[in-house]
Structure formats: C-alpha cells, structure tokens
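Look for subunit A in each of the two complexes below; its partner is subunit B in the first and subunit C in the second.
Let's turn to the complex of A and B:
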C-alpha cells in the first residue's frame, strides 16, 4: 500500500483516489458495456438483475475463497462441495418439500465438517493447503458419487430451488428482483464485515502477511486457519444451494468452480500467498468473469474457448499486478 | 556456494532421506499382503507384477517432470491439459500411417517444449505466480484443444502401438522406458550443473541469484523438462488408447496426482529438496493402492474417497513434524 508521507495536493489526491478504485471494477464495467452494445436487453433493469442472478453463486464462492487466499492458503475443495450439496440436497429431500429446511441445515452441517477437516489438516498437520484441499476434493467428489450411486436422479423440490430461481415480479423501477441477489448481498455484506471490520479480519490479514510474526504477536494462527476454511466451506454450500435452483441435479455442477473462484479473486487484485485482498475485488472479479463468459457467448465463440479466455485473463491479471508492484514498490 | 559444494550438499540430503525406501517397502508389503489375504496369488506371478509396473507408466513419466518443476520451487498445473494436447496431436498427425510417426513425435515434443518455455518465462520473467501461470496456460491449451476436437481424433498405426503393447521378453517397452527416463533424470539432477542449480534455486531463490546463477534460465529449463515429460506421457497414452481424445489428461487427473506423488515421495513442495527415486516410490504406492483396491473388490467411488484420504495422510506424515507455519 502506498501511503505518501509528503504533503498531498488536491491533484495527487485525485490521482490516489482513482488508483484506489479496483481495476476489476473498471474492467467489469467495460465488459458489461460491450455486452450492452451487442445485446441492449442487458442494459435494462431486468437484464441487469438477471445478470447478477447468474453471477451470484460465483461471487459467493469468491467471497468465501477470499478469506482462505488472504490467509495465505488455497481451497480447492469448494467445487466438489457444491456438487455434494446439490446431490445431497436431492437425496435428503427425496422430492418432499417439507424436508427442505431440515436438508439445508444438514448440508450446512456437512459443509462445516468438511471445512473444519480442511482447516485442521492445514493448521495442525501442517500440510500445504493445496495438497490438503486436493485430498478433500477427491474424497468429497467420491462421496457425492457414492451417495447418488453414480447416477443422480430426480430434481430438487421447488422450495429448495427458490434461492437460485425465485424472482419477484412487478417490482417498481427494476421490474424483477431475484432472491439470489438478496442472498448475494447478504453473503457479501457479511463477508465484508468479517474481513474488513472485525479484529478477526485483521488477524486473517496478519496470518497471510507473515504467519510467524502474527503468532509472535499473539494471534492464534491455527484457530484463524480453521475459521477461514470453515467460512470457505459454508460459502460453497450456499453457492451449491443456489446452483441447485439453476439447473438439474448432476455430478458435475461444481466441476471447475474452485478454479473460477480463485480466478475471480485474482482478477480482483487478491494476492496469492496471502496478506492482500478486498471483498470488493473478489465480487468484482466474479462479475468480470461472468461478464466475460456472457460476452463470449454473445460473440458466438465455441464454449471451450471460454476456458482459453479465462486462462488469458488470469495470467494477464496476475502479470499486471506483479508489474504494478515492481513499479510501485 | 560453488557448484561442487552445492552438489555435495544435495547428495548428502538425498542419502539422508529414507522416504523412498520406506515407501518401497510399504508398497511391497501392502501389495503382497493384500494378494495373499484375498487369495489372488496370480498377482504375485510375473504377469501380475508386470501389470503393476505398467500402471505406473503414464503417471510416472509426468511425475518425473513434475519433480523438476517442484524442486525448482515452482509447480506445473498444465501437465494434464498438455497430455491431452500431445495425445490428440500425435494421433491426428499420424492418422494411422506409420510414415507419419516421426513427424508426429517431433511435433509433440516441439509443442511441449514451447509450452515449457512459455510457462517458465511467465514465471521467471513476468513474475506470475507459478500456480496461476501454469493453470492459465493449461486452460488456454484445453480451450483451444476442446474447441478444435470433440472426440477421438485420428488413430495411431500398429507400429506406434508397440510403445504401449510391445515388450523385450517379459518387460514391456513402456516399463523399461519409464526406468530409463527416471535414471536419466536422476543422473541429470546428480551430476550436471543444471541439476545443482535447480536445487540451489529451489532452496533459496534469492541466494541462488546473488551467487550468479541465471535463475530465470533454470526455471525455464525445469519447466521445459516438465512439459517434455508430459508430452511423452501423452504419446504413451495415445499409443495405449490407439487414439487421442481431448479429455485423456484431465480424466487421469494427472496434474494433481503428479504433484501428490512427488510430495509423497519426500520432495518439499517449497522446492530445493527431494529427488527422482522418491517420486518413483510415490508412483509405486499409488499403483499399489489401485491394484490393492481392485483385488479387494472396492468399487470406483469408495476408491475415490479413500484415495483423497490417503493423499492427505501420506503428506501429513512428513509435514506434521515441521514446525514452520505453512498455508
């Protein structure tokens, strides 16, 4: 962070204010404008609302992943946890709407256990989080397949699907208002509060910046690690519940989402290996990725090239960040 | 530190590590134990043992390369996608014709080397975090590949299938090839200047740079080796499957599994310590577990669950003794 100690003139203050705007926000707006030029419907309130609804699960995942990244780790298990949530939801409810609330509670319980296992393995067994969460990725995917017998069937009850699917109609000004946006706002607000407005959040940054120093300063590093992985897992269950409302039950709803969530954070300026990042960046990064995918679809690019574009933007974002750090010190 | 000193140090460190030996003994004990317990005595005869070694080839070759990347303090997540590219490219160029074998192999190796240079340059010149750089390159490769091919593309001629199915007497070419490559890699690490620089870079990047080592070139070199190995593994898979499809690498989870076996083999994820034989022992452990699960009749999904738990447990055995904070 560059804090100038010398006198700050109004001009340089304006420059500083501009520099503080997250780059991802600017990139997102540019992408969205391009989308709007290709398909004006996206610029209408209903279009914006629908776009936000589709971006919500990734933004929620990115908000959870942010905690782990800032603390210096990685959580590769979230995609498999999304799959487990959707499959588990269909198995637990068995098409019976009255079981929905109980099922969602149970799924959060499962998610919490997975998160605590990740955290405990990293914190107490000192296994690098890439390996630890890779292990849980394999196990959780296997568990999801076992649970469904390899071929999940049926669909989720309507009140389960509500979170991702339900839309209030005839709302003044914005016309439609999806429940997904309420969930996104609540999760993002909670994550912002947790990371940027609490002592716990400061400790997450401290651990990510220099775990040894944080420990010497009295931070219970192990406990912080346990918490960040639990937070990430709970965000994954939330995203899973929403994605369950988007489409049907399948074994690959969550595939690749962990990488997209990390990519979203990176695009939003979060530094890998910890110590730097902001919730605004994570959410803006998720919106940017979703906008990019939408843009490519509108341009008629074949589906697989989305991956190529994601790879390019990922490398560009990190190379840009590294370049700025080298110049700015 | 002079090259000679660095070399001696790495040799001492390697000799000090008992991990490969323990893994070897453990794998053999597990294999024999399960075979006796389940009464699958024929698995202990020549064919069964050769089968076990053959399970090692595809993962083993990638893991040899991954060892170079990890020793250098880097990591390569693009190998699975590169394997798919190599397999598809090989069978697409060959189209079942024997005379196209050489051009196809040359093209695959050239593409692989290029990918390695790009990976290494992104990491060392543009200072992109290795995870992101190789992940990004992997995504780019996979996207281009899947956009161009949707199914098995072309086929490999009978002559090329010998790579996977031919044998010197009882020893398949592929198994012999794996051990020859492993010996070459071990020799490179132990006796060449590049090998010594690799350990120096992984142990302390800044120190290596101050000692006058061209660390950027060493990183690029490590990634070229890693990518070439992925290319070779792709060629082997094309030969075994008789054709290449754009999902062969990803379905094999070669990116994550190769990292897992390297770390299980005692190579430090942070770089600078470890070696080829540990990696090979890690690959043997994975092959043994696969074989053991098959003998016990464990079905596919519980196998996945156990595999994840074993990855964590195997790595935790090393890491729980360290006192350094990790993330």
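Let's turn to the complex of A and C:
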C-alpha cells in the first residue's frame, strides 16, 4: 500500500505540472521546431534573437491588451494608435535626432489621452468597449492620415529607430543582441508585476470575473477600467516606437494589429469574457502567432492560402485550449 | 511612388473604352520602340536635357503667335507624392526664369481626381484668361475629352502621362516604362553571378507605367534565363518592403539582386540585408537622394534609373515658344531618360538635399536652389 501511494504521489504532481504549462508554449515550440527544420538558421542563437526581435512588438501589444481582456473588455484601437505613433514620430522629429526624446514623450502623452478617452467612454458612458474602441480606431486612423497628408513623408532619426532596430554585434554565445528584446523583457516584466503581483492586478481580475460583485466588495470599477485602457494604449505607443524603428515610416503599419494582439491572448488561454488570463500566455501567444506567420512564409504559400491556414490553425489552438481547460477543471 | 491608386482606374477605364483603346502592358512593338529610343543620341543642348529630344520633328506654331507677356494656365493632376512635389517646385522655378514673358501662371490642383481635373480644364477654357494651357493628366482615358475640347480654343501642351488624342501642340514625356525596364534589367543581367537569385519588388498591380516597367524587365530576365525567385507588391510601404525582403532572405538563404519598379523603398529593402547580416545585393533603385547616399556610403553595386523630374521644365518653355510662334518639337516630344551609374554617382549625391529629393531634377541652375527644394 505504502509503495503504491508513493508512486501515485509524484506522478499526479507531474501531471498537474504538465497541465499548468500554457498550451501556447507547447504550440509555439512545435511551430518553432518546424521552422528550424525548414531553415536551420533559425535554430542558431542569432536566428532565435532575430525571431524574438520580430515578435517583440506583438508581444508588447498583447501584454497591454491582456489587461483589457482580463477586465472583460476589448481594445480595438491599438493598431491605429501604432500607426499614429509612427507617423507622429516622423512629423514631430522632422528628421532631427535632437527632437527624438521629447517626441517620444509627446507620443506617450497622446497615447495616454487616447487610452483615457477609451476608458472614460467605457467606464462612465457605459458603452460596450468593442463599440467605443472601434470608434477610436476610426478617429485615430483618420487623425494619422490627416497629419501625414495620406502618404508617408519624412524619416525617423536613427536614435528614434534604435529601439526597434539596433542590434549589438559580437556578443559572446548569442552573437547578436537586439535592443528590442530588452524593451520586451522590461514591458513583460512590468506587466507581469502589475497583473500578478499587485492589489490593482487582483482588482482587474475581480472586475472581469464579476463587476457587480467587485463593486460590492469595494473595488472602484470605473477607475480600474480607466487604468486598463490607459495601460493598453501605452503598450500600443511602445509597440509603435518599436515597429517604426524596425521598418521606418509607413502608413499602414498598424493595420490589423489589434486583432493579432487579441488572437495572441486567446491562443495564450486568456478568456475573452474576462476574469482569466496570464501574462505568460499572452507573450507565448504572440510568439506562437509570429512563428505561424514565419512558418507559412517559409513554406512560400500564396497569400490567400496562408490566410486560410492561419485562421484554421488559430481556431484549432483556441479550441484545444478550451477543451484542455474543461478536462483540467 | 509617382503613380498611385487612381491610375489603376485609368487602366481599367482604358480597358472598358473598347478594343481600340485597350492597353497591353506587354507589347513587343512598344518594347522595341523604347529600345530604339534608348539607342538614339539625344539632339539639342547636352547640358540641358529638358530641351533635348529623341528623333523629334518640329511643328509650326505661327498660328498661335500673339504679343506677350502671356497668361499661362496649368491643370495639375496633383502633388500627392515626393516625385510630383519636386517636379512642381522645379516648374514654378522655371516660370520665374521666364518672368519677362509670363504675365501670370495660374494653377489648378486636381488632387488626384479625374472629375476635378475635367472641371478645372473646362473652367480654364471658358474663363478666357489663358493664352495657353498645360495639362499633366491624372488618368489617360478619362481626361481625353476635356483636353480635346480645350484644343479647339487654345494651344495645349500635355506632359508626363498622356491622353488618347493627337490634338495637343505637343506631348512631352521621357522614354517611359519599357525604357526603365530595359535599362534596369540589362544592368542586373550584366552584374548577376551565374544562377543568382533575383527578387522583384513592385508597388502595385494594374498601373500602366509600372506594369510596363515590369513587363520589359521580365522579358529581358526570361530571355537571359535569370532566376527570378519572386515578384512581390509592397504598396510603396517601407515596413512592408522590409518584411518581404526579410522573408525572402530567410527563405532562400540569400538574394543576389533586387529589382525595383520605383525607388522610394530601396533603402528599406537594403536595411533588411543589413539587419540579417547579409551582403548587400545588386540593386536598381531610383534617383532619390536617400538611395544615392546609401549607394555611395556602402559602395553598392547599383544603378539608378530615372523618370526625370526635369520634364516639368519643358512644358513651360514650350508654351512660351508656342505663343511666340516659334517652332517646337511635336506632336510627340520624347525627352532622354538618363540613368545614374557608378561613374557619375558623385555628381548626383548631395548631402544637403532632403532624402526624397530627386537628383535628376535639372534644377541646379534655377532660382532658389537648393532652399526651394528643401535643401540647406
């Protein structure tokens, strides 16, 4: 008897540990292995670093989106805010490196205002967030187009582009080290701390789980909503600075990113109705999506087929996650 | 970047207009004609290419002669991209040079809209305040009737994109898209190592001027058995260009040459090679300063074809000559279409000019250079 008990103990603990591993992590590793089989350069340290750099903006967006999703909302305005950041960056700096820092400050200011407007409309005007932020998406995109006159103009100075583009060369072991990974680590660390290690984070979960109950328990629901949209908007500005840095000025850099960020979270096991989600999931989800895009590109499939495959694989990943959660209880 | 979405409609409309007007983007006759033009030695002053012509005939303009100074009107398709901005600036400076002959230069900006340009032209014609009309058509087929109506009342000069009528006194443009394709593809063929991989980057499909650039280049690539691993559309977007090139580098290990149908995103394409730690490819860009600077700085194997912005000077000069009754080249005035090669790169690189300035502007002798063009 005692022997049998001893055997069951560790095994069930192992099973529980496996269950705790985010499904997105597993899917990501599988995709990445497939990428490595097609193009072994991705398995070298430099390949991994380059991949992470490419995934960083989406992971940062997903980290911000996570707060809104956990609180039970959606933020559809982040993609257009990314576009506004890139275009605004080129207009504000006017190719003058000495203006970079105040321009970045001003862009965060704009982002904060947009986030607070989103939050205020949702919290105080009681508008469903999907509608409120859809409105913001359109207005912010329109503002970006008006600002630029509709066609990309000007350039971003190199010190502005550093965050998305600069790479340290000749680093021991990993060979190259992109600055983008530092930004990603800092943002993800901050988001983890904010969501999983503070009272505020617990309140975000409470609001998403049951807003009424949270309010009765003394949580200022409106304030929490205001904050999560502000956090999401700030993450969008950060992603915008990174994407502008990576690719330069572009008028449709942010198009569709809001849905990719939400999809990344969903793949990472975040519940769309709120109350459930983890930062590890959001980041792993973003890595999974980036790996999927890379994989389909490496296969050289035509665009329509790529999009179809993307959709099907996403649905499968999410369905698998939900099934696993039901079984896991 | 000089041709944007509205032109897609022009192609579609030309198609709808019937068999006689249907455009083929891969016409062997046009290809051969462009090849012949490129082989010609331009006639006219060598230091003033905007006054040169390729095998042009003079037309008599004595019927338009009248005492000056003249009132010239200009219907512009738009100034919605850097190429047109540089061209328009150059044109205004040319007007200043001819101040003694030009009493007024009135412009209407159609902002890329056919209907606005049609009413602009009608308004100019009926106003009676124009001695001559210059038109830079937004699209070819849609503007033809308006230009035909204007021809009946006053001398008309058309430049850049054409119209489907012979009525203007002269139509000024460079060799064109087929010429661009021939010049660039021949360069790549001459430099490419055996079996080298070529990536073609295009802005968008369906635009006549861009389609002909590609069809001519692709014809030469095929004739020479060049391995074109992909032809992708970038929408003229830096970020998209960089991502596409990055994908191709990853997929094929390396790319030996990049062919472009317009140079606005050439620097973004090169950045993808830098960031991937790969050697620079053989590349054909355009005469934008940012590309020329990069080329010089990194010692690239490159060439810059041009769709010269100096063509904006010619119509102003022609309009004044017509009103003076002096003969001009017509009804077709083909301007030379020079390319920038390694040997004359230094002549065109100018660090004081803005990144999207077009070096082949022929504007250095014009009043206000370089500040007027955004230079320091």
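Note that in this section the second predicted complex is superposed on the first by the 309 of 329 C-alpha atoms of A that agree within 3 Å, B and C clash if a C-alpha of one lies under 4 Å from a C-alpha of the other, contacts with A are read in each partner's own complex, and residues count from 1 in each chain.
Everything that follows uses one rule, which is that a contact is a pair of C-beta atoms (placed from the backbone, for glycine too) under 8 Å apart; a residue touches a chain by one contact, two chains touch by 3 or more.
For clarity, every value in this text was computed on a predicted model and none was experimentally measured.
Three-chain overlay on subunit A, with subunit B and subunit C fitting side by side and no clash.
Contacts of A:176 after superposition on the shared chain: subunit C is touched, whereas subunit B is not.
Look at A:127: by the touch rule set out above, it reaches subunit B but stays clear of subunit C. Subunit A is touched at more residues by one of its partners, and among subunit B and subunit C that partner is B. By the touch criterion defined above, A:276 lies against neither subunit B nor subunit C after alignment on the C-alpha atoms of chain A.
Using the contact criterion defined above for the overlaid structures, shared-chain residue A:72 touches subunit B, although it does not reach subunit C.
Once chain A of one complex is fitted onto chain A of the other, the partner contacts of A:252 are limited to subunit C, with no touch recorded for subunit B. In the superposition on chain A, no contact is made by A:203 with either subunit B or subunit C.
When the shared chain is aligned, subunit B comes close enough to touch A:142, but subunit C does not. Legend: residue contacts after superposition of the two complexes on their common chain; A:266 is shown touching subunit B, with no touch to subunit C. With chain A as the common frame, subunit A serves as the apex of an angle whose CA-centre rays point to subunit B and subunit C; its value is 70 degrees, to a multiple of 10.
Once both structures are overlaid on their shared chain A, subunit B and subunit C have a minimum Cα-Cα separation of 8 Å. Overlap of the subunit B and subunit C contact sets on subunit A: residues 150.
On subunit A, the positions that touch subunit B within their shared complex are 71-74, 121-122, 124-132, 134-143, 145-146, 150, 208, 211-212, 215, 221, 225, 259, 266, 272-274, 302-312, 314-315, 318-319, 322-323, 326. Residue ranges on subunit A touching subunit C, taken from their complex, read 39, 41-42, 46, 50, 54, 95, 149-155, 165, 167, 176, 243, 246-253, 294, 297-298, 300. Within the complex formed with subunit A, the residues of subunit B that make contact are 122, 126-129, 131-133, 135-147, 253, 256, 259-260, 263, 269, 300-312, 315-316, 319-320, 322, 324-327.
Residue ranges of subunit C in contact with subunit A, taken from their complex: 1, 4, 80-82, 235-240, 242-243, 246-247, 250-251, 253, 267-268, 271, 275-277, 290, 354-356.
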